[in-house]
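Both complexes below contain subunit A, partnered by subunit B and then by subunit C.
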Partner chain A sequence: MGATVTSFYFLCFLLCVLAVYYISPIRFRRVVILIASIAYYILSGNGLLMVFPVVTTLISWAGVLLMERTEKKKAVLVAVTLLDLLPLIVLKYVNFFINTVNGIAFAASSWTNADPVIPNIALAVPLGISFYTFSALSYTIDFYNGTAEKEKDYLKLLSYVMFFPAVLSGPIRRYRFDAKGLNEGNKLDYHNLTFGAQRMLWGFFKTFVISERMKIISSRIYDTPGVYGGICAITGTVCYAFELYTNFSGCMDIVLGISQMLGYELPENFNTPFFAKSIQEFWRRWHITLGVWMKEYVFYPVLRTKAFTALNDKCKKKYGSKKGKQIANIPALLILWLTVGLWHGGDWKYVIGSGLLHWLYIVCGQLLTPYTDRLLTFLKIKKDAKWLDVLRVIRTFILVNIGFIFFRAHSLGESIQVFGSMFRIHVPVAEFIEKLGEDGLDWIEVGILLISLVVLTVVSVLQQKGSVREMIDKKSLPIRWIIWFALLFFTLLTGYYGPGYSAAEFIYQGF
Partner chain B sequence: MTREDILEQVTQIIRDEFEDDELEVSEETTAADVEDWDSLAHISLIHEVERNFDIKFTMGEIQDFRNVGEMIDSIEVHLGQA
Partner chain C sequence: MNKKQALRLVIFILIFFAVLPPLTYAMRTNGQIKDIFTGFYAEKKDTIDVILIGSSPVYPFYSCPEIYADTGISAYPLSSNVQRPAAALPLVKEALKTQSPKLFVFEMRMYTMEEGRMTENAAYTRGVTDNLKYSANRVELINRLVPMTDESGDRYTYWFDIFKYHSNWRSLRLADQWKCIFYEKEHPLKGFELISDVCPLKDEDIPSVNTEETVPIPAKHEETLRELLEYLKSNDLNALFIVSPYREKEEEAAMINYMRPIITSYGYAFEDMNESYDEIGLDFKTDYQDYGGHVNINGAIKCTKYMEKLLSSYDLPDHRSSEGYASWDSAASLFAAEEAKAEDALNAHIANGEFVDIEPTW
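Now for the complex of A and B:
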């Protein structure tokens, strides 16, 4: 079975799980979830690597038992955190360390000796390690903070950590909120079943119809970096922003839809992020669960340390409350964004594009705000003018896209190459269009893509007012059927399906 | 110390933190009602409240305060008044 939740085999698997789940007596339903989760993890190609999430969960579970019996709770918390993070650090970052050492050695030899000082180590990384590790860790931390009760049953905790729709690509869960309702055995509910299926369909539409088409354009730019610069590279990057958004948020729609069909509510991961007016707002709308997790479990504890409290006091005394706070927070934000960047992967392109660059945006934004406010007052422009908001949305989108260049390019060097090529004026636009045609994107395909983008935009605008599924549900039966069947047939007819009816792998799967 | 006294002191701390003496604060006030009350400002504010009342919030409390009223609930618990 392919690892992706869009594969035909997975849909068959899901139908079996749903049938067995609702046929089973309520008290056995949690067992069905656990067996399905373990089976899914093994069938996804992980095999023996299943030991990793099982052991990670065991460490978190045993840590809480130990905390109950000792006064040294903090020492246990530190030990559990380190043990839980150890496989993640070793498996995901050891080659990052090696490559960095090799890079420094290469630079030290005046760029002449390209032989690596230390060879890379071939490691099998369990899929979804960054997602399940954080979900498991939150259990121990929540218990330590006094916000979660002890879970006596290890298997119940394992069900939560390995819950099959979310184990490979998130959302990242916080135990005190997201473990509820999973092990109780949910009753069959028509509303949950239909709404869940509708959400899955919307996810399929985003992934198969939009993301896979956008990929053709972005791949042409990023697989041959620097060949097509100027407007072509800019177009390729904007298309990548939509490819990534529709791929990741589409995956989340499917995951949350499956979960809803099982009567279990997972946290939302996206809220129309491209409507954000600032970088901070963008991160409250994009990969929401990562931001919330980092804020609560990394950022707050860092800010509560004695060192940062003292720095905050000192800066506030020197520069006043508002400005002092901002200055004191610069190093705390650096730690946060470094962690966010590293979470995305052991590569400098992630550390810079998904971490440090956003740190720089936020710090510059905070420091420049008093000056831009003064400029607006001088020009007699109202701060809350609608047209200014539109400009803010465009600015944020451009800044975010610069980060995506690093995310998409194969290496840090190639991202700089693509970024540099964007400033070229004379570019072979006709050849680029011709190549896209050869790649399968003819004018009919472009037409389908544009129609789909209009649908996506209309739905995104409507989402600002509430749940679109609820809105449709209030319409008369024929209208509801026309809408959902139109979406179903449009997705079936125009979707890009690969072997096993599977889309290419989800970009965030396996992080 | 009455609940009103606590609210009065918390209001003053919030005004000092955000350098805005006009700020209206009630038990229903949330971070979304005050410009610049982001996660950074939140921890700094918490720190000032702790210092003022000579108490220490748990991380769980800090994470889950939904409004000023809930913060006052916790202050009362720590002061042994609840």
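Now for the complex of A and C:
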């Protein structure tokens, strides 16, 4: 069937699930979800690897049972956390560790010995390992914190952990918020069904029409790093930002749409992130569930450790309450962003581009704020001036794009190469445009892309005022249908899918 | 969900599925084969006497406007390139939905070819599957031609070919594509293709096969052939089986020998035109467009005359000046005009030594 939620066979699978789900008596509907989730995991090519999520869930479930019966709750929590994380660490990061050792050995041998000290290990990584591991972990931690009830039924917990729309690409769920309703069996609801389908369609539009076209531009830059610098490399990087956004948020629209069709609400993962005025705000709008999960289950627990409490007290005494807290938070933030970077992948380009760089932005931002405030006062500029907000949005977008360079490039070296090439002045722009034409992006395709971007922008602006689907729903039936049919057929005709196109793989799928 | 909402949902879905087939039809890749099939569907109900089914040795070989001009018989090819034998039966069924032909003519060259060679290029399969209207026969055709084990993972695109052809959306700017929204667009030459190219065979390559040997055709084809014969017999349909003249190999001739008694045992006539080069008057130096594989206009005229002779054995009506055959009269007139031009062009090619430069496929 393939793992991607945009495949034809997945859509057939979904139709079957929806039909069986709503035909079944309400009390059996949770069983339908569980069977569908297991079937999806197996059919998506994971087969025997399904043992991993099943065992991870079992560990979390058994851990909670044990916690209930023992005084050593913390020890059980630590043990469960380590056991749950063990497959993730071993399968995803063992080669990262090996490559790092090899890199150090290579450097130590004065860059002469090209042979790796330790060869890489070929490991089959279960798809969505971090998504299901985090979902399972949140159950144990929530119970430990006293914010969630014990789940007696292991299968109900498994159903939550392996919920098929979300298991491979998120959003990352927190048990105490996101397990509700899944095992209760939902009634067939017109609003949920239609709104869910509409959201799926919007996701298809973003992925097939925008993201896949943007990919042509970004690939030309990143698959031949350094060849086209200057404005071409900058364009390629900006296009990658839109490619990644429309790809990932498009995937989330599909996933959340599917979930809504089943009457179950998943947490939002995006909220027009490119409108963010600061890096902190960006992370409250981009991959929201990762940020929330990390803050709640990594950052706060780190801050609550004895070492950090002591550091906090010390800094407050030395620098005052506000500044002291800020300074004390810097190492905790470092741990947080290191974890975020590592979550994105076992490679230094992720650690730097999606982690440490953002830590640096935030820390610098915090430390520089008093000075920038003073400068604004000196220049008699109001802090809440609209034009200043526009500049802040542009600044944040540029900073985020620097991080995306690392994320998109094939290696740390290539990311530096692409970044460096951006400062070139004389670049073969005409050749770049010609090559894009050869890659399939001629002027008509660019026209389609621009029209689509206008639609995306209008919708994004409207989203600031509320749900666009609700707005459309208030229009008369002919207007509504014209809008949805137009989007449907526009996507159907101009989308990049089917034979002749590489299937739209979701960039964040299988993390 | 209340009844009104459910009804609204159903109507929305119905509108979508009502728009989808015409849109797909319009976007299917334009070209000769699409024109042949849309032309067939555009024919008035029960107006065709003879339907020719088979591969590329059909539509450039037999000029249906010429047959009509000479005999008044209306014939039409349901032909596509490298059309696999398994396609014949669904095509017969599809033809019978709108026509009541008095004779089916089956071209048998593909029965001598291994199935594997015919599936190398998906375009050959799509040539027939993607040129039928959506119907149960099309479903049967896909099931017969595209195995469940299709490794490309694209089997669904045969069922819903919008997945394949949506990227042709730019072709919607062509008025001709919009004329196909019901997959009915009259073919001005009733499916015939005029070709004025020449590609002469060398003397040593001119076929002179004369064998009594028999070699079994591939088992799958034999099974298909027997199934077709059973169907024709049980539905009381008349048929003629032919092999159009070409540069045949000895083994192929032996396979043709193998097929003959199977077909005749069902009471149907079998005509291997390779046995009648002289009677047809074929010249492998001037009558073929590709080293003896397919005829040009010179060869087509000769093969058409021979086909007319074969058809004269059947009781087929003369529709000339009959009501409802105006398009056939037009096709005959157009063909007469085009034929003259094509022959002039072909003669010029021969006189100037301008021959098609292609790689021989044998």
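Going forward, the second predicted complex is superposed on the first by the 505 of 511 C-alpha atoms of A that agree within 3 Å, B and C clash if a C-alpha of one lies under 4 Å from a C-alpha of the other, contacts with A are read in each partner's own complex, and residues count from 1 in each chain.
Here is the rule we use: a residue touches a chain if its C-beta (ideal position, glycine included) is under 8 Å from a C-beta of that chain, and two chains touch if they have at least 3 such contacts.
Because the structure is predicted, anything quoted here is derived from the model rather than measured.
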item: Touching partner for A:Trp481 - first (subunit B), second (subunit C), both, neither; value: second
item: Touched partner set for A:Gly320, first subunit B, second subunit C, both or neither; value: first
item: Partner chain(s) touched by A:His410 [first = subunit B, second = subunit C, both, neither]; value: neither
item: Partner chain(s) touched by A:Gln280 [first = subunit B, second = subunit C, both, neither]; value: first
item: Partner chain(s) touched by A:Phe299 [first = subunit B, second = subunit C, both, neither]; value: first
item: Residue numbers on subunit B that touch subunit A, as the complex places them; value: 16-19, 36, 38-41, 43-44, 47, 58-60, 62-64
item: Residues on subunit C engaged by subunit A in the complex (per definition of touch); value: 1-2, 5-6, 8-9, 12, 15-16, 19, 23, 27, 152-154, 156-157, 160, 162-164, 166-167, 169-170
item: Interface residues, subunit A side, partner subunit B - complex; value: 142, 145-147, 280, 295-296, 299-301, 303-304, 309, 312, 316, 320-322, 325-326, 328-329, 332-333
item: Subunit C contact footprint on subunit A (complex, rising order); value: 2, 8-9, 188-190, 193-194, 444, 477, 481, 484-485, 488-489, 492-495, 497-501
